[in-house]
Amino acid sequence: FDEIQTNSGKTLEQKEIDSWSITVYPNGRNLPEGSGNALQGERIYQDKCLMCHGPNGEQGVAPRLAGELGYPEWSNHPLLALTVGAWPHATSIFDYIRRAMPHQSPKTLSNSDVYALTAYILSLNDLIEKSTEMNRETLSNIVMPYKTKSYNAWEVEEQGRLNVIEPPQE
Amino acid sequence: ATFLSVLAASSASSAAQTDVFDDHPKHMKIPGVASELYGEPSKYESHVKRLPEHVYGSSIITAAFTPIDQLNGIITPAGLHFVVHHNGIPDIEPSDHEFKIHGLVHKPLKWSVESLLNYPMVSRVHFLECAGNSGPNVIADAPMDMTCGQIHGQISGSLWTGVPLKYLLDEVGIKPNGKWAMCEGADSGNHVRNIPLQKLYDDAIIALYQNGERIRPDQGYPMRLFVPGYEGNMNVKWLHRMEISDIPSQSKDEQSLYADITADERVKQYSFNMEVKSVITKPSGKQQLPMSGFYEISGFAWSGRGKVQKVEVSADGGKTWALAHLEGPIMSKSLTRFTIPWRWNGQKAIILSRAMDEYGNTQPTRQEWVSRYARYSHGHNNSINAWLVSNNGRVSNFYV
Amino acid sequence: ATFLSVLAASSASSAAQTDVFDDHPKHMKIPGVASELYGEPSKYESHVKRLPEHVYGSSIITAAFTPIDQLNGIITPAGLHFVVHHNGIPDIEPSDHEFKIHGLVHKPLKWSVESLLNYPMVSRVHFLECAGNSGPNVIADAPMDMTCGQIHGQISGSLWTGVPLKYLLDEVGIKPNGKWAMCEGADSGNHVRNIPLQKLYDDAIIALYQNGERIRPDQGYPMRLFVPGYEGNMNVKWLHRMEISDIPSQSKDEQSLYADITADERVKQYSFNMEVKSVITKPSGKQQLPMSGFYEISGFAWSGRGKVQKVEVSADGGKTWALAHLEGPIMSKSLTRFTIPWRWNGQKAIILSRAMDEYGNTQPTRQEWVSRYARYSHGHNNSINAWLVSNNGRVSNFYV
Amino acid sequence: FDEIQTNSGKTLEQKEIDSWSITVYPNGRNLPEGSGNALQGERIYQDKCLMCHGPNGEQGVAPRLAGELGYPEWSNHPLLALTVGAWPHATSIFDYIRRAMPHQSPKTLSNSDVYALTAYILSLNDLIEKSTEMNRETLSNIVMPYKTKSYNAWEVEEQGRLNVIEPPQE
């Protein structure tokens, strides 16, 4: 009988890694080629998003894409008190639309479509002009207004440790 | 010959029955039916079902709570385990699924379902709780008249069996700057949560079995991540990929839905632990005590940080408290059933429970909890819960 | 508007899809389905079913074993719990069922199901094993090539929750000469077992919940007797009556079926305890090791007398033994999972397990066991079990 | 909060007890009125039992009602190695037939039918004459051949105690 040291994993080739690697990081790592602006995004939005997210990213049944935190005038649903306008990271908008939207037919948008939709949402939040091109470079430079108002409880409150409080003595 | 062939003939049997069996019910006179190959609950319990919830009116996002007021013990049958799915339940053929680790590792690797089934496993009883559990009691200004399951039913308990992540992380070999794992599901929204490697090395598993059998599609078949004590959403179902990174990828759910908004409107991200909490399931909302007399108050307590140390119960709205009995085994990050005998005198009574975990953590009052967060923020509510028993025995949700 | 209404329109969405998703399987592109109100296992696991057995060719007597080789952990899902029914499963409306105690008592009493549901309860994880479990391995002169579930599948583990009998016995008040309880079920054969009051006072319960939910018809709905550690047949399902007596009533099953016949043909009645035992479930009969390399040997041990103390495993037919890891919690009269890592070198190997309980009781060898009983007697077989791994990885039942 | 002392049981009246009390004890306690002999029993047997238990209580698919322990010539099924002929207590035959047989239509026999069938099974085992009447009195006096070869493991091996071996010291 042996110590436990497993070894049945099979090599994962770089080609495979590339085909699965859709996750974008807040420093812009892994953002793909492509680009788009809010004017282009607005047209796609009206075609594929407005039915759920509402005009200008508000008043839909789906989450609010614009505005500030807090109940909007038209709803007192706690989930609609939240808004993409308060997301700390702009890259997360791109990442999420690419993998998950439109809700009922995800992964059907081109990378440039996703840049354009991200640009549109940023413009709805008055963060960029409608004509500003979003791409790998420009998107990673966007600083979201709630960035400075967000904090990482794992690091701040837990000091990046599993247990801040020492386990009691037996 | 089997008895099947003689059944018809014999049921035309003698009617010279003796008097003694007159009062015996039909089910003692007619042979019963055979066992099913996969059994089901009694038809007389068909009201015991998950409680569905609608989110954003989506037919894809589905949530359904556990009717914890109808159950007992510390294990939830898999069929009644609460569920929250942002992209529905995918139909995954095991041969169509691999688990992959890459990123800041020495050897990127992948495993088939079959090969992981041959790996060394551990079995642990743990709770799973949605960060949004008990939300109604902090969102609503006045207590809503709902059942315990409707308010607090996003908690369930199971025996989870699977492969400790540490073996797989050692197999790939983590590079020195690897600190986080981006964990991705194979659902249509590729759900992502980022988790510190420390936690994955500590007690996380790739769960392959729940309550003895292979996990079901609505629990992540063919495999899910299980991070004991952490909020439900992090226990990525249909897990297919981990990318080891120096920083978290900041996924959609980490921006808003599973962040808490503080009273001064800061976005508190990455608060993983479900803190110490307790709830009385019996008696509870919308139940009815038939008459004054002897009852058992029963419920469960849990803590995402470790074991439950003690539970106290009050039957006078919090003026006096008594130590409840903890029904063992008391396990780390597991539901722990508590009971206490109670004589109801037929008068209005307010019953509460409060738990302490092995680290000395306690539950805040509702007022304390609410003062910490923005009015609409409702994740991670672990405040003390109460039920009002009216003088006619009606039990209802109550704020102390 | 709900999304249901926009679904049709939107699925005719853009096809300008980016290359990166080309290799992603369908289930990552199409939203999944909603949760069921009472969930079910994956369709890809539909081979995991109870294993039905025919007894006397009767269509009324039904038995079905747990496929323990397909499961893991120490809890059996209720739908796969083994069953043996001598008179089928009765259909009992709870309002049509009362539990009664009479005989040598001061106050004969009865309880409705509803009233017992309001009684104080305990929750305990226990195994349940049929006295006839593992019978094939002592009856057959040569080992039969069957799965672990087919040979040893009359064992299951559950969390049982219910009312301790002691409260009810105290309520009726036992007269000094009361020593036994005649326990009767409400099935069409009015199944009877006689149990010493000592045991009922010790740890017996009227079980109302199994694994969190109300027990199912095939486990005795609306209530069953649970006598931890005692042979399965004594855990009277559909329990409706106890008659307190000075002597046992000597029921049918106590005359033959659940008596053991000794080597000198004496009828050994009333041997209640299921003695210490263990079985390796993985790898086990009819399984196939894909290739030489690292594996986990995994199984469970139990004792009707208390806790499992240790389990030893041999991979060389019993020449050398190593201590297996016991996966906690180790509970009294409960399945206890054991595991041990093993490197299979691709050669013929014989794997065995043997357990010891906290009282120092151990498992006899098959030879020792068989020498004690008549050749056809096969109840209470707790002898050591073995599996043969052939050099091509085929696993089969084996006698050492 | 109180000590646990339950009190919601309702009085069970003597009339109810009588209606449920079908259990017969080895000393004859609770045997009902009625009587029958093997000649009568044989006729009922042929009509209602033979199809499963076979002629003379042998060679059926259902348990053997006659003979000695051990595999009969015609079967090597371990359950058919057992036999009612080896039951330690004759009252158990009456008790079981009354509550559970015929298998597919139990509780349809009169008490006298059950006495007659019990007499028939006893006569098949050469324990009484075909004309001997079985009733409350005579049945309780039957001594089964395996009575002296049976023993109670709970009393003999366990000494009537929950744990013969003392629990180990912690």
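Assorted remarks:
Chains: A, B, C and D, in written order; residue numbering restarts at 1 for each.
To be clear about the criterion, contacts are C-beta pairs under 8 Å (C-beta built on N, C-alpha and C of every residue); 3 or more make two chains touch, one makes a residue touch a chain.
Being a predicted model, the structure only gives us computed values, none of them experimental.
Put simply, the C-alpha centre of chain B and that of chain D have 48 angstrom between them.
The distance from the centre of chain A to the centre of chain B, each centre being the mean of the chain's C-alpha atoms, comes to 28 Å.
The distance from the centre of chain B to the centre of chain C, with each centre set as the mean of the Cα atoms, comes to 25 Å. Looking at chain D, one finds that residues 4-8, 20, 22, 52, 61, 103-104, 106-107 touch two or more other chains.
Within chain C, the positions touching two or more other chains are listed as 1-3, 7, 28-29, 31, 56-58, 60, 87, 118-120, 188, 190, 341.
Taken as a contact graph, the chains fit none of the simple arrangements: neither line, ring, star nor complete graph. Of all possible chain pairs, the ones that touch are A-B, A-C, B-C, B-D, C-D. The touching residues of chain B, counted against chain A in their complex, run 55-58, 60, 86-87, 100-102, 107-112, 115, 118-120, 135, 139, 167-168, 170-172, 182, 184, 188-190, 192, 196, 198-199, 202, 241, 243, 245, 247, 249-252, 254-257, 259, 261, 265-272, 305-306, 358-361, 374-378. Residues 1-4, 7, 25, 27-42, 44-45, 48-50, 52, 54, 56-60, 62-64, 70-81, 83, 85, 87-94, 96, 114, 118-123, 125, 157, 159, 161, 186-188, 190, 208-209, 211-214, 216-218, 221-222, 289-290, 295-296, 298, 327, 329, 331, 337, 339, 341 of chain B are the ones touching chain C in the complex. Within the complex formed with chain A, the chain C residues making contact are 1-3, 6-7, 9-11, 13-18, 20-24, 28-29, 31, 293-294, 313, 315, 322, 340-343.
Chain A meets chain C in the complex at residues 1-8, 19-20, 22, 32, 48, 51-52, 61, 102-111, 113.
Note for the complex: chain A touches chain B at residues 4-12, 14, 16-17, 20-27, 61-63, 69-71, 78-79, 81-84, 86-89, 91-92, 95-96, 99-100, 103-104, 106-107, 146, 149-155, 157-158, 160-163, 165, 167-168.
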